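Labels A, B, C and D are assigned to the chains in the order they are written; within every chain, residues are numbered from 1.
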Amino acid sequence: MVAAIVLVFISAILVLAGAPVLEVHGLLVTGAVGSWSKLAQVLRVWVPLTLCSCGLLYTFQIGLWNIGVEGQVMLGAIGATAVLRLGFDSALPGAVLGAALVVGMLGGALWALLAGLLKTWGGVNEIFAGLGLNFVAQGLILWLIFGPWRRPGVASMSGTEPFAESLWFPTPAVWRISPHALGLTLVALAATALVLRHTRLGLALRAVGGNPSASYLFGLKPGRLMLWAMGLAGALAGLAGTLQVTVVYHRLIPAISSNYGYLALLVVMLADYRLSWVPFIAFFFAALNVGSIQLPLVLQLDSSLSGVIQGALVLTVLLIHAWNSGKAGTRWTT
Amino acid sequence: PQPVGASDFSFGLLLVGPYNDRGWSQAHFDAGHYVEAKLPGVKMLYIDKMNPADRPGVTIPQLVDDLVGKGAKLIIANSDDMKDGIREAAKQHPDTYFLHISGDDALTGKGPNNLSNLMGRMEYGKMLAGFTAALTTKTGKIGYLGPLINEETRRLAAAAYLGARYGWEQVRRQPAADLKFKVTWIGFWFNIPGVTSDPTQVAQNFFDSGYDVVLSGIDTTEALVVARQKHQGGKPVWAVPYDFKGACEGADQVCLGVPYYNWGPSYLQFITAARSGNWKQQWLWLGPDWSDINNEDRGPIGFLPGPALSAEARTALKQFTAELGAGKVNLFQGPLDYQDGSSYLKAGEVASDQQIWYMQQLLKGMEGPSSAK
Amino acid sequence: MDDLNVLAVLAGVLAGASPIVLATMGETITEKAGLINLSLDGTILLAAMVAFLVAHDAGSLGLGFLAAALVGAGIAAVVGIAGVYMGQSQVAVGFVLTLMCRDLAYFLGNPYSRIQGPRLAPLPVPGLERLPLLGSLLFRHSLLVYLSVAVIATTWWYLYRTRWGLELRAVGENPQAAHARGIDPKRLQLLHALLGGALVGLAGGAFSLGIKPGWGRPQGAEGMGWIALAIVIFGGWHPLKVALGAYLFAFLQVLGIPLQSWWPSVPAQVFQVAPFPLMILALLLLGLTQKDTLQRWADAHPRVRKLLRSIQGRAPRALGRPYRQE
Amino acid sequence: MDLELRDIHKHYGTVHANRGIHMRVASGTIHGILGENGAGKSTLMKVLSGYAARTSGDIFLDGRAVDTTTPAQANRLGIGMLYQDPLDFPSLTVLDNFSLGRPNRGGGLNRRALAEELTRLCRDFDFDLEPERSLEQLTVGERQQLELLRLLSLEVKLLILDEPTTGISTPQKEKLFGALRRLAAAGMTLLLVSHKLEDIESLCHAVTVLRQGRVSGEMTAPFQLDELVNLMFGTIPAPPPRGAVASGEPVLLLHEATAGGDRAGLGNCTVSVRRGQVVGLAGLEGSGQGVFLRLAAGLAKPVRGSLTVLGTQLKPGDHHGFRDAGVVFVPTARLDEGLVGSLTIAEHCALTEPHPSFRIDWQGAANTAAQRIARFRIQGSADTPAALLSGGNQQRLLLSLMPARPRLLLLEQPTRGLDLEPARWIWAQLRALCADAATIVFSSAELDEIMAFADRVLVFYNGSLVRDLDTRDSDLDDLARAIAGK
């Protein structure tokens, strides 16, 4: 149903743009999964998108609209870069990379906690705090890249000086995707599933999200749990940022967060806030992003179409949900 | 690499911006079409907006894989930012040729043999731009709307300054102290609200503080737009856009001319070499074809005088161009100091390519920061 | 300092802020009615694109602006219907629309990239433009600038001096009570979402037909929607304070330019990013003043309380919460 | 104008708040609507004023069937209502509030004329309201006065007042009543909702009593108060025989404690509850018993006075500290405050596990849930979300989640919505806890529950503790009147 509506909507847009409808759909598919190298490219997008989405599940469970994922990714990347710059000549690249992971996650977590504290202590709506901090983080990255961390002589869009190859997470030539990144993402998925379904923390998050005052009477501390949720979400976003630095770009670039934070919000909404759907929808979104590159290459069409498709899908699902719950007359889910 | 017959040949073009940006990227895109027209059987494959902000997660090596898979034998990458990616791809595809615009891997030896660099000596274009500005200004104040600060943007700004100074002192015979040349950087190649300074405001600010000519260091047309508005408001001001031959269009009253790139002939040269198997690794930094700098079949850069340039200035420009071409005038010649007073070129010293390419600061006499803090 | 012409700078601020003023006034109206339209950033871009496209093809600036307003109203209608009538999260819908409209603008607008098109010309007010100081400050602008100033005044007048404005504020405060007085809160919210959306759409048109004429990627208006949202909060949902915020933003933009050379140790980013920390600060102030301890302390210091009251804005109480009838 | 209601029904989701109400009111009279909390009075009035759409039934004005499905329609018919919870706009000014909701269309707003009208009305009724003040600075009584003037300026012919005397001072009340009498004398029809007998007695010509959504009786002045009490609360059974009130060490001590909250707050309350006692808190909703319970639970802080719980000086407002010390609080508004609608019964069990481990043992939680479902006879299964349980079953779930050995048990309306038999069963469980030296303090809207299960009763009226009695030797009628402020 959703797919049908969106297909019609997209086709209408394509007709409006004077593009061959069938060919576009075909290209999007082959462009994403037509070869191993393309699939690997999809997975590269999938990794950060899934990590950010996992993080968002924690905050959505507790009823927070964590729009600040972008900034958290950026701070993760900054943290990791800081470590890698210090450890440039280290004899123990493994340890440096490990430290980068930890500091990256911490960076993301702290940035998220800042928004969380503004919310729990200062009463600042997390949407606006997160949004504002995104822009601040972007400013921070630009300042670092064009200022203290600029390449010798050539401060430029291309970011900081690339790290020594020993400080990259290795990507086997045949794999074309870092096994470390994939592994960490799978671990994050499993851990999120475990925490949300099988631990007291997960249950507590849901309880507070469902009814903070009842949860308080059950002995839970809503404020502290919100900080936990923000912290965990930030750590996962920070991990995504760290991997962007250590696996994908091997340096800090201005667009390091690549909009994954915003896109992840769409992923989670489309997944109806359920973890089990997240990896698949993240994969689908990643495939759209990668597949759409064929549009300019083959049809001289603008590849922003993928974003339109993603948005249209989520919007349709939101509207259908609202319509259904409106008919049922009751709404108790959060 | 095996020689390829004179039959079909595909090359891939990686554009950093939109193919229709009427700026840097479109100049390359048009050059691709130029080659297609000149060499039957040659086909261009292109991907535009190839930057991490527009194409998250997409890397140069992977796109190169894609292009090679589609039959491209030569890959052209048009941005400095693609340096690392293109080097990596060139190593991965030793049988494919790579041409990186604006890089220096062939010079530093970091790149493999199948990777060449090409750049146009836009310094000359900027000198001419600065020259027209100096001949036109009534207040003696020239503004330079700079993108972000790096070696390339510094040397271009410096060249514009040198051109302006020459026109001011040698042609108009004005005292050096009366010329003001100020650079304001927006922090990026284009405007991003909340991230960069707004070039519209920068241009406004120039005009509002007495600068009557603004030279644009960015592709987008804010300088022209604002100049036009001011002009309509009755203020005598001018602007010089950048990068694209057609940039003056629609701004007849204020456009003094445009320094632009004309990549077609150089592309033709590299593609012919690649097709015939005569590829040689090169680091080319080509100046204009002085005999006819606006001939589309020659030389990678040009300067097209604009409709607002006065007839006298046109004549002087012609003369200046001829002197430059004949080597009678070399503006990168000492004595020249850096902004902080340290010596850049000793008296009589002529700058080497390296000295120009790796320019460390703005020159003394220019206002504005030399590096970001 | 160069002989920077203060008047000219202020005139530039006035002009440069005009699209932001339109957008913030639109969002102020919408939010005052209790609805939050988060789609501003996408709306502005899509409206900018459509405005340019229509103005170009039809050769009429008026039609371009009309189209921009319609686009803005159309997007707001989606937020309004989903948020008010269907009870869906306004934030979610607005956010999705932001991302989607932006891409839609790039996709559909591609053929119109960087082509020449019509744009607003300055329209000096005869007579007044010759006034010694005010002339160059106020009366040598394009129609858009006059319009933006008029919109501020009208918004204020509408909100605080008309019956509809009163009803709109009432609905934003307490839709139940409004309903009890025979006002239809949903209809009113939707109508003002449309009105506000149209103004945001006009802001888009103001970019592509006025301040940053033309269409392209990037257009130059990217991010402005978020800034506008921040300014509405910074201005405490009061149209005059919000307008002041918009001008302050434009002024900071200008200030960042000379500061580059006067004070090079300050990172250039500081001025560009400023609206966001300021917004957070404003919200923090709002949040803290609602804390018991602080309130008690302020109550003991009447002057402090007065000061707090005057700078702190207050969000419409029902903002973002859909109204449901019993 | 004459009013007649025929067979009015109103459902709120699954709640049946009005169940076939018939009523007649004559023109020019003040008619009282009486009933205990939740009887359906406000609902009926909201139906009449168009604020809430009725499910079925007919309304006649002067013999003509009318449709009042929106407040706008009702306004046009000349019906105006002063709502129980003030429906006004605190952040707007007095004049703005006065101006809002005038039926004439158009965007104009003649502020000067409106201000003059307000001033004139204020003079007529001897009220003192400054047009440009913010409503936030007004007392509840002044806000009511303003609302009344607004309705009068609309020239309503049928004026509904839903409990206009809660939270206002005696002089303000006198002013109000004087005004109302004059209006009735001038031919206006007035409906006065209250559960305060004195108000009804001093003002009304006739009264209709509601009980559990139905009309339980009608009466014209002069009223027999005993009979009215009976109609309101039903016949109260005599309390079962019980032993003496326990007198262990004090568990809960309040000394001149004052706190805000609810409608009236709680003022200057001094009381001591001893170990093993079962104390019932009686009073109309919002008379202070809610604040009392929240103070005792560590959910509210006294502004003045002291509070000692379980012999220790626990930090007021630190509910979790109280909890750890053995204080248990069970709120009444089940889905609002007590339960998490989206969580299942098993999840609630896991959440309230007394010795939680980080990893949840779902099998164990399901077993616990099954036990509780069986023990408390909850209609549902371990994986039923709380929101899908019926009201009564939500209450049972809430009670089943109580920790095993509380020392001080604070219950807000513990059997609200339960039928008699399950209520008895719950009380058997609760009293068993008390045998283990627990102390119970509970509030209830139903006097018979208090009489049946409490050892001691504290009666609250308008924010004060007005009686402290042993249930064994209390006079029921006297108690009922104390509740109604008589």
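Please note the rule applied: contacts are C-beta pairs under 8 Å (C-beta built on N, C-alpha and C of every residue); 3 or more make two chains touch, one makes a residue touch a chain.
Treat the numbers as computed from the prediction; the structure is a model and nothing was measured.
Note on connectivity: the fewest chain-to-chain touch steps from subunit B to subunit D number 2.
Taking each chain's centre as the mean of its CA atoms, D is the chain most distant from subunit A. For the pairs B-C and A-D, the count of C-beta pairs in contact is higher at B-C. Distance between subunit B and subunit C, defined via averaged C-alpha coordinates, is recorded as 37 Å. For this pair, subunit A with subunit D, the centres built from the Cα atoms lie 48 Å apart. The mean-CA centres of subunit A and subunit C are about 29 angstrom from one another, to the nearest whole unit.
For the pair subunit C and subunit D, the distance between mean C-alpha positions equals 44 Å. Multi-chain contact residues of subunit B, defined as those touching 2 or more other chains: 49, 187, 194-195, 372-373. Taken residue by residue, subunit D touches two or more other chains at no position, since every residue touches fewer. Among all residues of subunit A, those that touch two or more other chains are 135, 138-139, 142, 147.
Every pair of chains meeting the touch criterion is listed here: A-B, A-C, A-D, B-C, C-D. Subunit B meets subunit C in the complex at residues 18, 20-23, 26, 49, 141, 180, 182, 184-185, 187, 190-202, 204-205, 207-210, 220-222, 225, 229, 232-233, 249-250, 367-369, 372-373. Only residues 2-5, 8-9, 11-12, 15-16, 110, 113-114, 116, 119, 121-122, 124, 140, 142, 211-214, 216-218, 220-224, 226-227, 250, 253-254, 256-258, 260-261, 264-269, 271-273, 275-276 of subunit C touch subunit B when the two sit together in their complex. Listed in rising order, the residues of subunit C touching subunit A in the complex are 38, 78, 82, 86-89, 91-93, 95-97, 99-104, 106-108, 110, 223, 226, 229-230, 233, 267-270, 272-273, 276-277, 279-280, 283-284, 286-288, 290-291. Within the complex formed with subunit A, the subunit B residues making contact are 19, 45-49, 51-53, 55-59, 62-63, 65-66, 69-70, 80-84, 148-152, 187-189, 194-195, 358, 360, 371-373. Residues of subunit A touching subunit C in their complex: 13, 16-17, 65, 67, 118, 122-125, 127-129, 131-133, 135-136, 138-140, 142-143, 147, 262-263, 265-266, 269, 301-302, 304-308, 310-312, 314-315, 318-319, 321-323, 325-326, 331.
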